[in-house]
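Encoded as structure tokens, the structure appears first; notes follow it.
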């Protein structure tokens, strides 16, 4: 079953070219590390980056994508609005979307949420501990009760998002903050998962538990056999008036 | 307390000028009827329409508005994007927003929801019955267990909205459909209520129970004494690392 | 995968023995019809009834049950409290529970909900139409946008339940009522789905779409690979104080 | 308006008699401190304790109570089931309930939740910081963005509760845990708020911000003018069949 899920791993891919520190951690880009983990989980995986024509997100690619993962940071503004429209439309039609870390300020996420995405942040390489608060949720499957990440950027509340339909993880940071780190929403027929970890200067996406969360999220977000919804304007009622 | 809530009743106001049938029902515009009901409830009320400069929604007016009600239909496209930006921003900062009937396709509502707002509809003047499904909710205060509207336009599911944070009413239509008719969300510090009834050719907004719902919604959506949230990037943690 | 889900179909089984009208519709009991549909879907299926020793719900049977379906009506009071305790505990530990129709007043359901389960009802054999209001939900997979049941008992709002975590169906009844007909909750590690249709005098459980909903619900409610949650009292913190 | 809200502050009141350490902090019982704060906020306040006849919660007292606050710990088992039935029934009918700290294992709370209430805990007098995660919620009104409590017992996730309808606070603990510290639910017509702080050996309930949360919660939980809901079995439909 999961073999047939088609994932497109999108990465801005700028830090890895411009920052030596990031290049050392992700020499082939973060997308390469994520793609390998997802492939090993049995998914069909493509990658795409900002510099590809149409950012690698052509109509054709999106039409063949069940779940899109999104990492962006310093070049959110450079993502073309027509591509954003396309991504948003595909999510509303049923494509899953997994927004990672600094993607909280990406255009597609903000368009789907209707909030500012604002939060507190600090780059101090401190410890993050993500606690499972919804053990029945499929995204928590097979995990320990918490995931420890030795060094991460801090994101702190208030995180300006709509109240999640389902909250799966809450992060503790050594410096004194908490954060809703794993959040689920539905928009139209599409499922969206926001997952906090993944600062570009730390090897977070190599960590097996972090990969497991993303693998679980892909399975959860993949569209099933969607019911045949119609939207119409018709004069005739179903029942006699 | 409720005396000090400042409400701005926004109405597109086009149907009332161009359709004789609507003019007969609302000779001074729908906004006049709503404004009177809200004034009698003790609120401070302004009105504003599409044709006013800046649609009547200047920075100053919005800064002095606790709750904005919105009715639009045939001229959604004519609402300027800068005004939409302004409304959305004010909601995120705490202004309440009550979206009425065909406002489900208005720019501010779609921007705040991140969905298409699509639904089924039929103009057959059929009976609508709104059932209270959340008796503990302040928007249901003082109501009977259902509200009957003798003649209304039908709106049917699936209604493409984010799952409401709170669902207050579900409508039954004689022709065979149902609809989530009273839906609450929060975006940032702002509360949003969508209320279905109010087709322009029926005297729905004269009905006392319908007015009561809107009065209750104004009280619910008015911002309280908001906590002092900050969003920042700071190097120093609250706790020693 | 779905082959390995172990379902126990529980039926009070009294109406089928005492009411000729019901016997005609379900000569071998409702449980027989449900069990067959679930078996054909590839699940491992057991049945159990009120008259079995320990109502057929021994510790051993429950330990080997991934999802329990529950139909009861006239003999709710006859279900022993020790068996109710056992069922509730297993749900909290991860067993799925699908509560059908008049099960809204069953002891396990009320214990897990904390509400009265009260509603309106009428036996007039009227038409019910269940509308999908959450097309992204796995319980709606493969369905048409509504299910029509030609003759059913009416259940009407207000239905006294906790606000569902997810609402999948809303029913329209010809006589003028609506009902939240497909509702999801989580209690501990266990998922619960309430599904309205299934009055004993109508052949509702023979209807393919109704069976499809129950099959989908079994897949949704089956526990996955639950994370290893612990509850403890320990003197030592994870971090230095 | 708030003058007329009638609050009954219930306290087990055992620790204060048996533990010198607690007696020093709360010489007249925790209920005395809470009652004074609520009185100063303008509510009409009664207190009641375990040792009072019927635990001070007679039919008459409950009938005249808009909001009940509940603190219990070592004597949960000693609360009589008939009184628990009475409290649960009144909540379902509309009385607000504010459950404090170790009340997470009290009989009324568990009966209304349907979960085990389990969690992790540690008595190490560590720092707790409660972050506002829902700035639009009336229970957060007038607060700073976090509340710091210098010394508290730790409660850690997973907290076995139903997913809150609204989540207002998340706690950070110095020792490494997080906790959903301010949680809202509705049961029937009654509103329930769980608020974590308040270990008996610390002066938590003297802290102004903690008192402010409880005052806000009383206002939020007080029943309004409830709609006239009926539950019935009637043969006649509202509409012609």
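Per-chain numbering from 1; labels A, B, C and D assigned in written order.
Quick note on the criterion: a residue touches a chain if its C-beta (ideal position, glycine included) is under 8 Å from a C-beta of that chain, and two chains touch if they have at least 3 such contacts.
Since the structure is predicted, the reported quantities are computational estimates derived from the model, not experimental observations.
Common neighbours of chain A and chain B (chains touching each): C, D. Set side by side, C-D and B-C show the greater C-beta contact count at C-D.
Rounded to a whole number, the gap between the C-alpha centres of chain C and chain D is 31 angstrom. If you average the CA atoms of chain B and of chain C, the two centres end up 36 Å from each other. In chain D, the residues that reach two or more other chains under the touch definition are 129, 132, 134-135, 145, 158, 163, 165-166, 173-174, 176-177, 186, 188, 229-230, 238-239.
Residue ranges on chain A touching chain D, taken from their complex, read 129, 131-135, 145, 156-159, 163, 166-167, 170-173, 176-178, 180.
Within the complex formed with chain C, the residues of chain D that make contact are 88, 92, 111-116, 118-124, 126, 154, 158, 160, 162-163, 165, 173-177, 185-188, 229-239, 241. Contact residues on chain D toward chain B in their complex (touch as defined above): 1, 94, 127, 129, 132, 134-138, 140-145, 165-166, 174, 186, 188-191, 223-230, 238-239.
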